[in-house]
Amino acid sequence: MFVVLRPGCTSEQRNRLVRAIEAAGLRARVSEDHHRVVIGVVGDEDRLRSVALEAFDGVERVVTLKKPYRLAAREFHPADSVIKIGDRAVGGTALIVMSGPCAVEEESIFQAAEAVSAAGADVLRGGVFKPRTSPYQFQGLGKPGLKLLRDAGRHVGLPVVTEAMDTRHIDLVAEYANAIQIGTRNMQNFALLKAAAATNLPVLLKRGRACTVEEWLCAAEYVLNDGNDRVILCERGLVSFDDAVRNLLDLSCVPLVKRLSHLPVVVDPSHGTGRADLVPAMARAAVAAGADGLLIEAHPRPADARSDARQALTPETLERLVPQLHAIREITRGTPFAGVPGT
Amino acid sequence: MFVVLRPGCTSEQRNRLVRAIEAAGLRARVSEDHHRVVIGVVGDEDRLRSVALEAFDGVERVVTLKKPYRLAAREFHPADSVIKIGDRAVGGTALIVMSGPCAVEEESIFQAAEAVSAAGADVLRGGVFKPRTSPYQFQGLGKPGLKLLRDAGRHVGLPVVTEAMDTRHIDLVAEYANAIQIGTRNMQNFALLKAAAATNLPVLLKRGRACTVEEWLCAAEYVLNDGNDRVILCERGLVSFDDAVRNLLDLSCVPLVKRLSHLPVVVDPSHGTGRADLVPAMARAAVAAGADGLLIEAHPRPADARSDARQALTPETLERLVPQLHAIREITRGTPFAGVPGT
Amino acid sequence: MFVVLRPGCTSEQRNRLVRAIEAAGLRARVSEDHHRVVIGVVGDEDRLRSVALEAFDGVERVVTLKKPYRLAAREFHPADSVIKIGDRAVGGTALIVMSGPCAVEEESIFQAAEAVSAAGADVLRGGVFKPRTSPYQFQGLGKPGLKLLRDAGRHVGLPVVTEAMDTRHIDLVAEYANAIQIGTRNMQNFALLKAAAATNLPVLLKRGRACTVEEWLCAAEYVLNDGNDRVILCERGLVSFDDAVRNLLDLSCVPLVKRLSHLPVVVDPSHGTGRADLVPAMARAAVAAGADGLLIEAHPRPADARSDARQALTPETLERLVPQLHAIREITRGTPFAGVPGT
Amino acid sequence: MFVVLRPGCTSEQRNRLVRAIEAAGLRARVSEDHHRVVIGVVGDEDRLRSVALEAFDGVERVVTLKKPYRLAAREFHPADSVIKIGDRAVGGTALIVMSGPCAVEEESIFQAAEAVSAAGADVLRGGVFKPRTSPYQFQGLGKPGLKLLRDAGRHVGLPVVTEAMDTRHIDLVAEYANAIQIGTRNMQNFALLKAAAATNLPVLLKRGRACTVEEWLCAAEYVLNDGNDRVILCERGLVSFDDAVRNLLDLSCVPLVKRLSHLPVVVDPSHGTGRADLVPAMARAAVAAGADGLLIEAHPRPADARSDARQALTPETLERLVPQLHAIREITRGTPFAGVPGT
């Protein structure tokens, strides 16, 4: 840790900082150069977390060296983590395709399950608790939908993943689902993260639409720190100034996360663009960028869907797409996750 | 509602749309002009909410005319809403100042309460459940903090407001607080909004850091629609590409909300900038923009604060600031909320 | 075009609008439904460009149906445009790789040219007029650099592309280069666009870092409208709130542009991420998304580069990367540019 | 300057860095602590500008201490700069109001000049070279407009400011105008900045809509470094994800610039919101935030304006607004530009 002082800071200001650092059991090394004073802190900077050095008079900037997450870091676990959803592996060499409708509907979920299974999907996804911007939009089927989703998954032999939105529903969701999704709006709903961790199911953690990669890994750390090491990260698009797309899909986060963390990362090009006509291209691009899998909305008849119809693929398009994804995965498989020489 | 078709759409595509609109009990008026076909929908467009017209083949765009919120709209309630926190009014002609430390601390909360009361604050604010990016940061005092906050408020005769983060804690918070804050990360935590609505306490609803004004008013609608009409909106800064400030305070949302809604709107320049040295200027600007009040962090000794120390004002600065705020309010009081002629 | 009036507008306001529309030689069709009045405009909406309908009292919104660009639109030219830089084709089935150092340096440009040629690049790129944030940064070699770049290109048999920043330098650049780059900061420098158009050389038009796809196509339209139909679009990353990357590369613009326009689009993952360790993954992803080519910075010894060293690939990495790009292109070649069914 | 090395860097990597630093005539001080190596650079870090330390193997981050601008910095010139446009002062204690139509039109410019003069404006503004997104929009009157603008200014005794967009037009503009505006799209058009500097007229430098405050001050530095110390900064709104407003006006940059720089800063709430109904509130807020002046669009009959009609005030609204602005200025005048204690 370094504390950079403002030009013209007083020696009294400097001394107060040194005393605060030493009071925390660390050493302060003052260097003065041209017009700037910088204090280097020797020792474990965690001890200074409860001292607000940046609020001391005369301080311009505090530069920390430690990352705010530990268990999620690549340094903590150098190999790629591989996480099972039901009998399917996420991470490592495999490529996982999770697909299904945005919202579970009684009249279509079995047909959807058959279609995505036939198209080569590994996991069935579908929402039963739907976070909707307006209270007047369809809010999902709730508990009856959970049973439908599980039954449809069993019908075709696929594990299922669905979103939980309320700490009071986590146990109910855990009863029916093989993995729990935390949605983009809840990425920093820390109570929900801790409740999901307690189920010991895999947690599919969507990135907040205006959250940095570091904040995302810190959210994962909440789950890991509570003893659940089964976190799968999911990029689903960021807020954008261009309304030609619903969200701005950030694929560069894929190789970046691979460098910073051992956790698997999948991509949701459906919410990531909001337009079915852009989904196949972005699904291919996600795999080429190194994603471990995809979350793709598909519906037997998109125009009949009760939620996000515009972004759902038809079964036919999904079926043509999946083999392309595996072919691209073949090409990129050999490339190590990072490092200029070998990428 | 209008449905704009793509250039070159077929008559079959057009007819399928007309049939879908008529099936919902509405009339479709097709107009064809130069190279474009547009279908105007006559009747209540709410009936089409569950029909995904935008996913029909050949559709370029669906233009809706109805706002997605109703109870929050100025049209529904033309006069300004005035909401009481304890015995203090928010909205209308008054200017409310809510102040206190970011996090309630046993050793300082009484002193903080005395200081902000002496400086002219109307409400004491302080966090006991703290949403923190990393699990290793100070998470707040929890229940003991609630009692401390209430007692400190009583000590100086001020009502108190504090944040709730978990549906399971709402009743506990409601027992001690005069108003419940929903934080920026939870603006679209719909389960929490509904739980807060059920307390019938005033809800201080912070804007999500990447949420549009329309999304914000829709979040308010969740509370209003559950029968609690005591919502106070709070702007606290948006995500920014410039790290010179912690957040980008959007003051234009103040006159915009005044035009669109009857709900009072306050501004938090502390989180809105993250820098104590910018807070006074932005507090003044917020009042000049028409804000009904301010949420300002203050701490007896900022450098000792356990959270967000850099943005806390000293009691002395707060004391100098408050009279300026009231003086600016005097100047702007006469200006109607909107409309070119009279603003 | 539609003009949506505010709830409660007066008949006088409505009549003034109708008169203004009719004065432009168009027909106004008023429809009234529930609480809303909407005026449909029949006829060529271009005639209303100089009438500010949105500024009339009582108007809530004006919805236009025509795109603000014409020559750049797919409708105008349904087939993909193919543009030659020297003897290399951009667009259509080929994949073009443009590579070279950020800034031309006397001591390294010949070695760089040999390296990128050996690695399989088709075009040599290098800057001689450098747009730099601070006036104290290296500003490029200027005219002597132009000659060096051309000679290095000839040495290895590659055409060259370089940036022009000033209308007064366009003719000089055109003397030496096979294509003219317009940088991200100058995407809306309309005088420069028109000067570049006049050279009749291919124009490599980088997207502004906070410009929408529509604004980008409008900038292309400036060149096309001046009679130069050789525009190549280049995505190079958008402004981002996450400083883990220098820019946020928007790959979804690739299939989007393919749908909206016939112009070829290439991607610059070097500026698009600012980190050499992310460039190979994003180059692969760009091709998978359907890009017609890449602009990749490479330098014989990145640490010696005088500009943007952190993002330059070594020749070895480039050499390993290029065959992967062609292999991915093979997989995606058959997919049509857009449309749900076939993508 | 500090160079932070990656965990696990080798001693060879470390030594190469030390040699590079020493080769530039500086001293390298290596500190090793827990798992991190940090190299402090002793001496003038400018000498390392041409050495790409961040591209050396093993480097995680380079932390620089020097600002990239010098002449624009408050440290270089502690007192507020006061700049004359004609006989009107910008900066210091005065509040300057610049007003007029977006585009100069023959039929209205004299009437507009009379109106803004009567309303209390100090400077007449109007565009004759208009940067327009599409080539099919009105591009301004060009040279004849310059003469009209000057004559209208003389008619009412006001100096005039107008935008230049092309280095080849700078001298022409300088012949007629009392100050030259550099528009938001050209903030980093460095050739234009240098040409404007050479006129020795005041330069009104609008902030790029996605540029940081530091980039803005660096753009000012281009002008200052060429010997023209008459730069006036103008905030005009940033790119936004919320299309309820045209741009997102950043008022926090006002006190921030006051702290970092001695240059005067004015605000353009017209482009900053794009909506006339929000302009008065934001104009008041800008003054309360400490702005030295305002740039406000006004037009005798907004609905007849040929450009940006929606954001123009009527003369009546402007006339009511100006005295409010001066009254708010009175209240804030005494507050020093920065520093927690005194603000």
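Order of writing sets the labels: A, B, C and D. Residues in every chain begin at 1.
As a convention for this text, a residue touches a chain if its C-beta (ideal position, glycine included) is under 8 Å from a C-beta of that chain, and two chains touch if they have at least 3 such contacts.
What you see is a predicted model, and the numbers here were worked out from it, not measured in a lab.
Distance from the centre of chain C peaks at B, each centre being the average of the chain's Cα atoms. For the interfaces B-D and B-C, the C-beta contact count is higher for B-D. With centres set at the average Cα position, the gap from chain C to chain D is 26 Å. Put simply, the C-alpha centre of chain B and that of chain D have 30 angstrom between them.
Averaging Cα coordinates per chain places chain B and chain C 38 Å apart. Residue positions 210, 239, 241, 243, 276 of chain A are each in touch with at least two other chains. Against chain C, the residues of chain A that register as touching in their complex are 210, 212-214, 238, 241-245, 248-252, 254-256, 259, 272-273, 276-282, 284-290, 313-314, 316-317, 321, 324, 327-328, 331-332, 335, 338-341, 343. On the chain D side of its complex with chain C, the touching residues are 20, 46, 49-50, 52, 54-57, 68-70, 131-138, 165-169, 185-186, 188-192, 209-210, 215, 218, 221-222, 225, 239, 276, 302-306, 309-310, 312. In the complex of the two chains, the chain D residues touching chain A come out as 2, 4, 7, 29, 31, 33-34, 36, 38, 40, 42-44, 63, 65, 75, 239-241, 243.
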